[in-house]
């Protein structure tokens, strides 16, 4: 089978970006929106066609084949060369579908959402750039290509977060996202260098196929009790954690909500933030086999903690986009922990499949949640829960789709989230009880906060609005309806037939007892939310007060930002920076100033020699010549 | 080749001429007279070319040709220098060296 | 006879050169220079470089000196005397020149020149002309052309520089 | 002693030459001969100068339909000698606050340059003091020194008219020297030599150069005459003196013999220009169509003088015919007309010689 045409999938958005970017002042908004949507529509169709043909015909002897089309891009030496190309295997095809679907939907949605905005065409060119970068990342054949697109994704994310560049908070958020992810990417880069140095290749396939024999050799070189390769994997995971907003690096994600809501849906919910998950999945064999999966355990625990913490924080936030952002973080934590608890062969690799499955369904319902939130914000002109309420009658479609998405994320039976979450919980249960418990807890919390949101927006108190709320235009609701459909139907896709850690399909089945536990926990959450937020009452406050300090901590997101500020401002800038500045000022500058002062002092003494008379200069010249001649002759004689 | 005169005497003459020109270049206070000194220097070197050619390589013409070039260059240099001096005189009504010291520290 | 002529010419050259660099009347300095130049032309005649002598007379006596005299006529009055050079300056310049002269003469006299034995009677204009225009080995067509271009450039430059102010007015 | 024998061949009469060498040692003999030649040329210089003045006055009178000097001697032939005696006996006055040295030096520049000038002409085959191999160029070089005398004299006089006259003279001489040089160069293309005697030899076989070179030679001759007239500061180019404007120009402040030097030098210059014209264009001492070639006793110098006088009369004719030019007209004529024409003519001549179109 030939999949070389998939190169078109990233190239179409690139062309769009170039065209829209160069002619952003010339192309009228009405046309640029259509151009963007049309281009992404093409990518969308191509991606689905690729998925269709690959998953139906890509098997050979029951194993999904990997198709690679690449060319040498930079050829330094025979061994050191950087390739560019496309890699087609189950997860990349799955990601293609996710990215193109969400991107296409967001394009359609943006045509309505961004209407009348000044930088309409610019917005679409940025979106195109992001799509290009994301496709490139997904299709990357080697670590370096992935790194390039990884950074491109970061750059376009920066551009889109800071899209409203006249707003100081947006600019700050853009910078924050960029700096934090950049910092994490440093780890990624060092990890790449370590891995590539020891394996001698950038290529994913080669790295993954080395796992049997060479890994033991790698393990020989150790540092602080861990082999170098484990360090490399941990460092790579650092990058993944940065992009995917895992625990220490998650602080940028809530702030990134300053960007336009479609952007949040596309980048900060469905695609870019799962790049970390995708990266770990891409290197899964290495993670799994090196030192009995030590790095993978770190992935699991970090994922579990992140998911729990994020879920707790999400309960107390009042900005609906921030709630969704923490929810995203929590769900990505889910995927991470699923990867972390996964094993490799056959049914043992359930976690891997579950992670990918959840990635897929989460992309659909989380994008839908964001689009719904966007739709609401579009009408209400506010991000805050207190400004909303009782909107279900005014916006029936938004209401219904939001409800579907909420049910899906809460794991209500029959919806997509139910199936994928069940697989994760099953995987966790089979491998790590601690993580399993935490995951179940998160499932309940998820149901609670998402329905808090749902009831807060569509039920609750009857707010007065500036103008009567109305349903969003069709350009916005159609993508939402499509995603609502996917949020239900996505769960019925037999994922284990398509994706597994070792590319060999296996049969998975619903684990009923576990599903029952999770579902009942979810129900509890929903009911609690119903009690608290269905009607306006003082229950939440009393409840909050009873938690006291804990509530306050949660409300302030466990003071993560403040800790960061303390570390950077007080320790880095205050102590390290101060002494460095002192050194710079007194030693380095002092030397330079001293040289300068000496020069000035000397020149004050000798400036009279520059009399402005050319004859004086000529005299000095001849005098010098005479002296040199004398010296030369003296040496010559002796 | 001059009968009875060896090359050392001639080179002595040209050296003296050269350094007289140099002395004038150092000490004259007027731009025109400075130029005169430069002419002396140039002539000393031109004479050197010719005389060395005559004494050492009488069958060659290089010295004569280079002297022609030197004379042409001297003429060009003088023409330009005098144009500048006259323009300077138009501007500041002086051709003294001390009045041209504006580039002093 | 020729030696006597040479000594006479050498004496003239040195005397008038000294006079030229020390005279405090500007036009006298120019005329002394003219005498130096004519004496040098005499030296050229003495060694049978007639063409060079004529060039020396034409270009220097007829061109350069006339230019000098012109500039003197334009910028200087007959009654003015040149400013005196400070004695300190004279002494320093004198010492420098004498030192330089000493070193030059010392290096000349310590070197043994291989004086040619054959003599070349007289250079012909034709030879020099052919040499200047030949582009083969030992030809000087390129420097000749370069000098021509230089002279044209200087001519234009001198006109522009000397005209300066007037051009701006127009 | 090669130097003297080679470069100053004593061709006046070989007998005198041999006789002097026979009675004296070599060095003394050559010095004696040099002095002798100098004396002869000085005498020649005086006679030519004086009689050209007379000729001028006669021609002027003739042009103006009057008699001219006719009292001293028959037809007034001793008039100028009397004038010279008067000038010699006159007091030499000068201004206050002048540069004495330069003031006194100036006339000698003019005199010496003209004197050197006439020394290179071959008046006849035998009668030539200094047959230098770069004859024409040498003449050109020497004649350019004369202007220095005029400039220096004008400046040293401490007189504004003299200064202006001197400046004008400088302008004029430098400018027209170009045309003189270029027109002669045009002819040198034809002769292939600069030596005056050889130039005449060339004409012996091929006819006078003005005929050999036909059109360009005629153009060159015309330019040469115009420029030559200007070189000698004669009317219509006598801006240097311009009596009606500047008194007497650069020699306003000169009196007595010094004035006479300038005055004589002007006429000798005219003679030199005429002589150059004769040598370069009209075959020097060669007889027209070789009519006296067979006659051995015929003094060829006569032909030379006849031709020179003809040309001098032509120049005098100019003087009494054309009005004086303004100084800008003078420069325009030179730089905008004569010089380009001259350059084109030089090219033309080169083409003619290249294509071998000469007669």
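Letters are used for the chains, namely A, B, C and D, taken in the order the chains are written, and counting of residues starts over at 1 for each.
Just so it is clear, a contact is a pair of C-beta atoms (placed from the backbone, for glycine too) under 8 Å apart; a residue touches a chain by one contact, two chains touch by 3 or more.
Bear in mind the structure is a predicted one, so any value in this text is a computation, not a measurement.
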{"item": "Chain pair showing more contacts of the two, C-D and B-C", "value": "B-C"}
{"item": "Core chain by centroid distance, with centroids computed from Cα atoms only", "value": "B"}
{"item": "Separation of mean Cα positions, subunit D and subunit B [Å, integer]", "value": "32"}
{"item": "CA centroid of subunit C to CA centroid of subunit D, Å", "value": "27"}
{"item": "Mean-CA-position distance for subunit C and subunit B (Å)", "value": "5"}
{"item": "Approximate Å spacing (C-alpha centroids) for the pair subunit A, subunit B", "value": "80"}
{"item": "Subunit C residues counted as touching two or more neighbouring chains", "value": "1-2, 46, 51, 55, 63, 70, 72, 92-93, 96, 100"}
{"item": "Subunit D, residues touching no fewer than two other chains", "value": "none"}
{"item": "Contacts with two or more other chains, residues of subunit B listed in rising order", "value": "22, 26-28"}
{"item": "Interfacial residue positions of subunit C with respect to subunit B in the complex", "value": "1-3, 6, 10, 13-14, 17-18, 20-22, 26, 29-30, 33, 36-37, 40, 43-44, 46-47, 49, 51-52, 55-56, 59-60, 63-64, 67-68, 70-72, 74-76, 82-83, 85, 89-90, 92-94, 96-98, 100-101, 104-105, 108-109, 113-116, 118-120, 123, 127-128, 131-132, 140, 143, 147, 150-151, 154-155, 157-159, 161-162, 164-165"}
{"item": "In the complex, subunit B residues that touch subunit A", "value": "22, 25-28, 34, 97-98, 100-105"}
{"item": "Touching residues on subunit C, where the partner in the complex is subunit A", "value": "92-93, 96, 99-100, 103, 106-107"}
{"item": "Residue numbers on subunit A that touch subunit B, as the complex places them", "value": "607-608, 610-615, 618-619, 622"}
{"item": "Partner subunit C, residues of subunit D touching it in the complex", "value": "1, 3-4, 27, 30, 97-99, 101-102, 105, 132-134, 137-138, 140-142, 144-145, 147-148, 151-152, 154-156, 158, 163, 166-167, 170, 173-174, 177, 194"}
